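Input: structures, listed below.
Both of the next two complexes hold subunit A, though its partner changes from subunit B to subunit C.
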Partner chain A sequence: MSAPPPDRRRQLALLSALGRRFGAFVLTLLGAALLAQVLLWSAPGDAADLLAGDPELRAALVVEMGLDRPPHVAWWAFVTHALGGDLGRSLTYRPGMAVLELVQPAALRSLVLVVGALVVSLLVGTALAYVTAGRRSLGRRLLQAVSIAPVFLMAWVLVVGLNEWAFELMLQDRIVRPSWFALPDQESLLKWALAIGVLAVGSSAVTEVHSACEDELKAIRRSGYVDAARARGARLWPHVLWNLVPPLTTIASSRAAFFVGGLVVVEKVLHLNGVGAMLWQACRLRDVPLALGITFVAAAVVCGARLLADVLRVTVDPRLRTQT
Partner chain B sequence: MNLSGAVGLAVMSAVVVAWGVSLVSGYDVVADVNPEHMNLGPASAHWLGTDHLGRDVAWRLVTASEVFVGPGLFACLLALLLGVPAGAWAGWVGGLGAELVRYVFTVIASLPRFVLVLLVCAIYGSSVWTLAAAAAVAYSPAIAEAVYSRIATFRGREFVLAAEAHGVHWARILGWHLLWVNGKTLIARHALQLFAYFLLVETTLSYIGALEAGAGFGVPEPTPSWGNMIAFEWGVRHGNQWATWAPALAIWVVILGALLLADGLAEGDHA
Partner chain C sequence: MSTHAGPRLLILALAVSFALPATGGSLRYAEDQAPGIVNPVFTTTMSEARVNELIFDGLYTDNQELASEPALVSSTTVDDDRSGMTLNLRSDVYWHDGTPFTADDVVFTVDAMKNEESLSTEAGRVSWIDAAEALDSATVRLTFVQPELRPEDKLYFKILPKHKFEGTALKRSDPFRSRPLGTGPYKLDRYNDDNSITFTAYEDFRSSTGISELVMREVSDKNYQAKLLLYESLEALVRVLPRDLAVLQNNRKVELYPYQTNSWWYVGFNQVRAPFDDPAVRQAISSLVDIDALLAPIGTGEVLSGPFVKSSPYYNHKVEPWTYDDMQASSLLETAGWVREADTWTKDGEVLTLVLTAHQSVESSQEVVINLQSQLEAGGVKVDVEFLDEAAWKARIWRERNFDVILSQWSFDRNEDVYEQLHSNGSRNFGSYANESVDELLDRARTTTDPYEKKAALRKVHELAHDDAPMVFLWTLDSYAALSTKVSNVVIHPFYFFTYVREWRMK
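Presenting the complex of A and B:
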C-alpha cells in the first residue's frame, strides 16, 4: 500500500490531533460529572433529611430524587439526561423548576461579565506590555501587588470608596444623588463596569497577559524576521500580533476557571444576579440538583475553553499536530 | 534569598508569632464585649481601637490567626499527601499509569477551585477544617502536575541513569535525589501558594457569609476572622476606621508575604 500524498497526510494529522483533543474533552467532562456524583454519594445525610422529618415521607423522597441509587447509576442517568438537555429539577431554590431553565438567563448575564473581563484583560494586558516591554517598571510591580488581593477585597474597597465619596459630596450639596447610588443596591452600568474590572484584575488575567506578552514581545523584537520586515519597510504589527495568538489563547483558556470562580464572589458582593450568585444560594439551601447543574456547566465552560484554545493553536501552529 | 523573599519570610514569621500569642493568651472574644468602650480610636490601651461592640481590634486581629494558620497548615499537608506521591509516581513510571493519574487530576482541575470548595462545603458542612480539606483537594492538581513534570524531566538525566546502573534502589533515587534534593523548593513554593489561597478562600467565605442572615459559609461571629471582621463593621457610620481597614490590610499583606516568600524560594531552583 502506498503512503497517502502529503496534502492528505497533513489533513489526517490535523484531524487526528483535533480528534484526540475532543476525546480528552469528553472524557474530562464525564469524569467531572462522576466526581460530583461520588461527592454526593459519600455525603453524610442527603437532601431528603433537610426536607422531611417524617420517615415515610423521607423514604418516598429518597426514591423520588433517586438518592438510593449507587453513584455510577446516578452518574449514568445524569449524563444521559444532560445529553438530552435535562439537568434535573431544583429542590429548594425554586422547587420543581427545571435547572436548565433557571441557569440559562443567569448564565447569559454572567457571560457578559466573563467575556467583558476577558476582552478587558487582553486589551489592557497587551497595551501595557507594549509600553513596558524591555523596561523595569514600577507600575508593573504595583499591578502585580494589587492583583493578588482577593476579589472580594477589591470589590469591597471600590464599593466603599465610591459610596463614601459620593455620600460626602451629596452631604456638601456638591452633587445630586447619582443614579448608581448606593452602589450594590442599584442596577447600573457603573456596577457592571466595576464587576468586569475587578474580575479582570482580581483573577490575575491582566498580569498574566501582561507578563506573557512582555516576554513574547522581547523575543519577537529580537527575532530575525522582524529585522527582515523592518529592513524591507513592511509594517511590523501584523507579524507581532500573529505570533501573540498562541500564548494569548493559552492564557485566556487557563483563566476561564478563575473567571468562573471569581464570578461567585463578584456577583455576591455587587449583588448581580448571575449564575455565580445562584450557585452560592443553591449551596446554602442545599439545592443539590441545581448546584450540580451549575457545577457541570462550569466544568463544561472550563473544558470547552481549553478545547477551543487547543483547536485554535493546532490550527495556527502545525508543529503541535505531530505531538501527543 | 533576595529582598522580597526576606520580606515574605518576615511576614510569615509574624503570622506564626501571632498564632502562638493567640494560642497562649486565652483572649476571650465574647467576654471582651464592652459597650462603654465602643468605636474608640487607636490608643495605648487599645492599639488599633475598638469596634462597635467595644471589642479590642488588635486582639481580634491576632486571634483571627487561629482560623487560618492551623487549618492552612493542615490544607498544605493534605494537598502534599494527595499530590506529591501521585505526581512523583506518574513521573517515574510514565506511560499509561501516568496518563491515568494525570487524568484524575485533570478532572479535579476541570471544576473551578472556588466552585469545588463551595460544593464540598454545601455537602459536608462549612467548618473551617472541611474548608481546608476542600481547598487542599481543589489545589492538589497544581501540585501533582508540577511534581509530575519535574520528575518526568529528571527521569532521563544522566545522574539518574548512573544511579540506576550502580544499583541504587529506585525509592532512594525518587525520594532522595529527585524529590528532596531537586524538588523540595518546588514543593515548598506550592505549599506557600496554597497557604495564601486558603487564607483567600477563608476570608472570602467569612466575609460573604457574614453579610447574610442565617446559616451560611465561613467563620461565623463571634469567632473573629479577617473576613467577618470587615463585614461586621460594614455600614457603621462614624465608627473606628481601623476596625475595617486593619483586617483588610492584614489579608493583603499576608497573601503578599506568602507569595513573595514563594518567589524568593524560586530563585536558584532550576529544572
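Presenting the complex of A and C:
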C-alpha cells in the first residue's frame, strides 16, 4: 500500500491541525463556563439571598431559580443549552429576560471597543516601530512608561482631567459647553475614543506591537530579499508589511484576551454598558446565568480570534503550511 | 500670535462645542443602580421604590406633614370594633392605557401579594389584611386579621392593574417588570442603552404635573454624582454624601434640601456567641464607644439612646445614650471576670477579640469602622475588620447569622415597627436578642388599639433595649437632597423621595 502524495499528506496534516484547534476551542468554552460556575458557586450569598430575608421565601426562590442544583449539574445544564444557542434567563439583573437578548447589544458595544483597540494598537505600534527601529527613541521610553499605568487609573485621570479642564474654561467663559461634557455621563465620540485609546495603551498592546515590529523590522531590513529589492530600486514597504503580518496576527490574537479583561474596568469607568460592565453587575448580583453567558460569549470571541489568526498566518506564510 | 493660541486651537479641536441645550421640563436624577424590575410586588431596593412612586399609586399616601391622606380612595369607613373597613374609590382614576381603575384592581393586588406562589418580597405589607372583597366596581371591603388602630397608615402599598395579569400568582419574570402600567403621575417611556430610564408625565393624571420628563441616570460611583450635578449633567441627587455638602452649599446653581429620615445606625452584637452573650461585655463595649467622635467625620446628626429617631413619639427622652467612660467599661469587664493584661483584656487565657463586619456599600461606613476599631483597641479590645458586598452580607448576617459584631443601619417608613428587629421571633433580629418583657411589650404595641398604650409600651422597649445593650444605638444622620436651582417648588418625602414630584416645577 503506497503512502499518499506529499500534497495530500499536507492537506491531511492541515485538517488535523485545524481539528485539534477546534477541539481546543470547544474545551476552552466548557472550561471557561465551568470556572465561572465554580467561582460564583463558591462566592458567599446567591441571588435568592439578595431578594429575600425570610427563610421560607428564600427557600422557594432557591427552587424557582434552580439554585438548589449542584454546580456540576447546573454547569452541564448550561453548556448543553448554550451549545444549542440558549444561554438561559437572567435572575436578578433583568429578571426573566433572555441572556442572549441582554448580551447581544452589549457585546456589540464591547466588540467596537476591542476591534478599535486592536486597530489602534496595530497602526500606532507599527508606525512607531517603523520610525524607531534600530534607533534610540524618547517615544519608545514614553510609551513604555505610560503603558505601566493601570487601565483604571489611566481612564480615571483622563475623565477627571478633561472634565475639570473644560469646566474651568466654561466658568471663565472661554468656551461654550462641549458636546461631550460631562464625561462619562454624556454619550459622545470622545468617550469611545478615550475608551479605545486606554484599552490599547493600558493593556500594553501598543507596546507589544511596537517591540515585536521593531525586532521584526530589524531582521527584515537585514534580509537578502530586501537588499535585492533595494538594489533593483523596488519599493520596500509592501515586502516589509507582508512579512509583518504573521507576527502581528499572533500578537493581535494573544492580546484579545487582555482586551476582554480590560473591558470590565474601561466600561465601568466610562459608563459604556458593554459586556464588561454587565459581567461586573452580574457577579455583584449573583446572576449566574448572565455571568456564565457573558463568559461563554467572551471565551468564544477570544478563541475564535485565535482560530482566525491561525488560519490567516497559514494563508500568508507558506513556510507554516509545509511545517504543518 | 498670543501665547494662548495653542491651547485654544486644542480646545477647538477637542471640543465640538454646542450651546447647552435647555432642559425644558426634563429632570435627570442619579441612582447607584438602575432598577432591575419595576413591579411593586417584588420591590427590594430603594431605587425601585422611588420608581414605583412615580408610576403607581397607593390607596393612601402621605401629605406634606407626613400624615395619611386619601390617594385612590374618596372616603373610608372603619368599623367600630376596628376589625374591618370599607373603601369608596375615586371615579376619576385611569390606568396609563386608559382603562378605568376599579375595586377589582385593589382586590387583585391584595390577593396577588398574599398568594404564596407569587413569592412576593412585599407580602408583609398586606399580612394584616385577612380578606379583600369588591362590593361593587367602586367599593372595597377589607377585613383585618386583628383590630387595627390606624389601618389607613398601612394602605400605601401600590395598586396593580388586574387586566395586565392572568392570575394572582405573579412572577418576577412577567414582562410587566419592564413595561409597567400604573395610575401615577409618570409613565415609563423607555429603557435607554446607557441603562437610564425615561419617564414622561401622564397627560390624564388627575392633577397637573409640573415636569414633563424625568430621566433616571445610572451613576454607580456615588462620589461622582455630586460632580455631575455641579457640571449640570444632572438636576437632582437623592442623597448628598456628607463630604460633598460644603462644595454644593457654595454653588449658586444648587440648592440643598434637608430632610429627616426614620433611619438609625447601630453596632449590633451576636448574642448567641461568647462573650457577647454576657450583657456586661456588651455594656462595657458600649462604654468604650465615643459616639460623637465617630459621627463628626461623616456628617451631622442626632445621637440616639434607643431604637427610634428623636422626632418619633416612641423615643424615650428620659434615657440617655451610652457615653464614653473607660472606668465604667473596666469595672464592667472586671465584674464579668476579665483581667486587663498590658493592652488587652483576657479571660481564661482568651483575649477579648471581635470581628467587626460592615456592608461595603453603606456610605461612610469605612470611616466609622476604622475609627471604631481604633477606639475599641485603645480600650483593650482587639478588633479585626471585614467588609461584605450585598449578597455576602445577606447570606452571612441575615441568613447564617455568622458574625461577632456588625455596623449597620435600619430605615423605617412611617410605621416605626421595631418588632422584627427586637422581638425574639423577629425576622430581622440577627443578633438573637431575647428579653421576655420586650417581647410582651412589642406584642402589646402591635395589638392594642389605644395609641397611648402603644406609645407607653414602645417607650419602655426603648429603655429596656438601651439597658440590655443588644446594640450600641448610634445616631440618625442629617440627610440632604441636592437639586438644581432650575427646579422649584420642591418638597421631598424622606423615604420615597418622589411622593410630591407632581408639584415640582422647572424654570
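Observations on the structure shown:
Throughout what follows, the second predicted complex is superposed on the first by the 279 of 324 C-alpha atoms of A that agree within 3 Å, B and C clash if a C-alpha of one lies under 4 Å from a C-alpha of the other, contacts with A are read in each partner's own complex, and residues count from 1 in each chain.
Criterion: contacts are C-beta pairs under 8 Å (C-beta built on N, C-alpha and C of every residue); 3 or more make two chains touch, one makes a residue touch a chain.
In this text, all values refer to a predicted model and were calculated from it rather than measured experimentally.
In the superposition on chain A, A:Pro55 makes contact with subunit C only, not with subunit B. Look at A:Gly96: by the touch rule set out above, it reaches subunit C but stays clear of subunit B. Residue contacts after overlaying the shared chain place A:Ala229 against neither subunit B nor subunit C. When the shared chain is aligned, subunit C comes close enough to touch A:Glu187, but subunit B does not.
Once the two complexes are laid over each other on the shared chain, residue contacts for A:Ala13 go to neither subunit B nor subunit C.
Residue contacts after overlaying the shared chain place A:Ala77 against neither subunit B nor subunit C. By the touch criterion defined above, A:Leu111 reaches neither subunit B nor subunit C. In the superposed model, A:Val265 lies in contact with subunit B only, and not with subunit C. In the overlay built on the shared chain, the residue A:Leu153 is in contact with subunit B alone; subunit C does not reach it.
Residues 43-44, 268, 284, 286 of subunit A lie at the contact with subunit B in one complex and at the contact with subunit C in the other.
Contacts from subunit A toward subunit B in the complex involve residues 24, 27-29, 31-32, 34-36, 39-40, 43-44, 145, 148-153, 156-157, 160, 257-258, 260-262, 264-265, 268-269, 279-280, 282-284, 286, 288, 291, 294-295, 298-299, 302-303. Partner subunit A is touched in their complex by these residues of subunit B: 103-104, 106-116, 118-125, 196, 200, 203-204, 207-208, 212, 214-217, 227, 230, 244, 248, 251-252, 255-256, 259.
Against subunit A, the residues of subunit C that register as touching in their complex are 8, 11, 14-20, 33, 36-37, 42, 44, 116, 119, 121, 123, 171-175, 177-178, 193-195, 217-220, 227-228, 230-231, 233-234, 388-396, 398-399, 427-428. Contact residues of subunit A toward subunit C in the complex are 43-47, 49-55, 57-58, 60-61, 64, 89, 92-97, 105, 109, 162-163, 166-167, 169, 174-182, 185-187, 190, 268, 271, 273, 281, 284-286.
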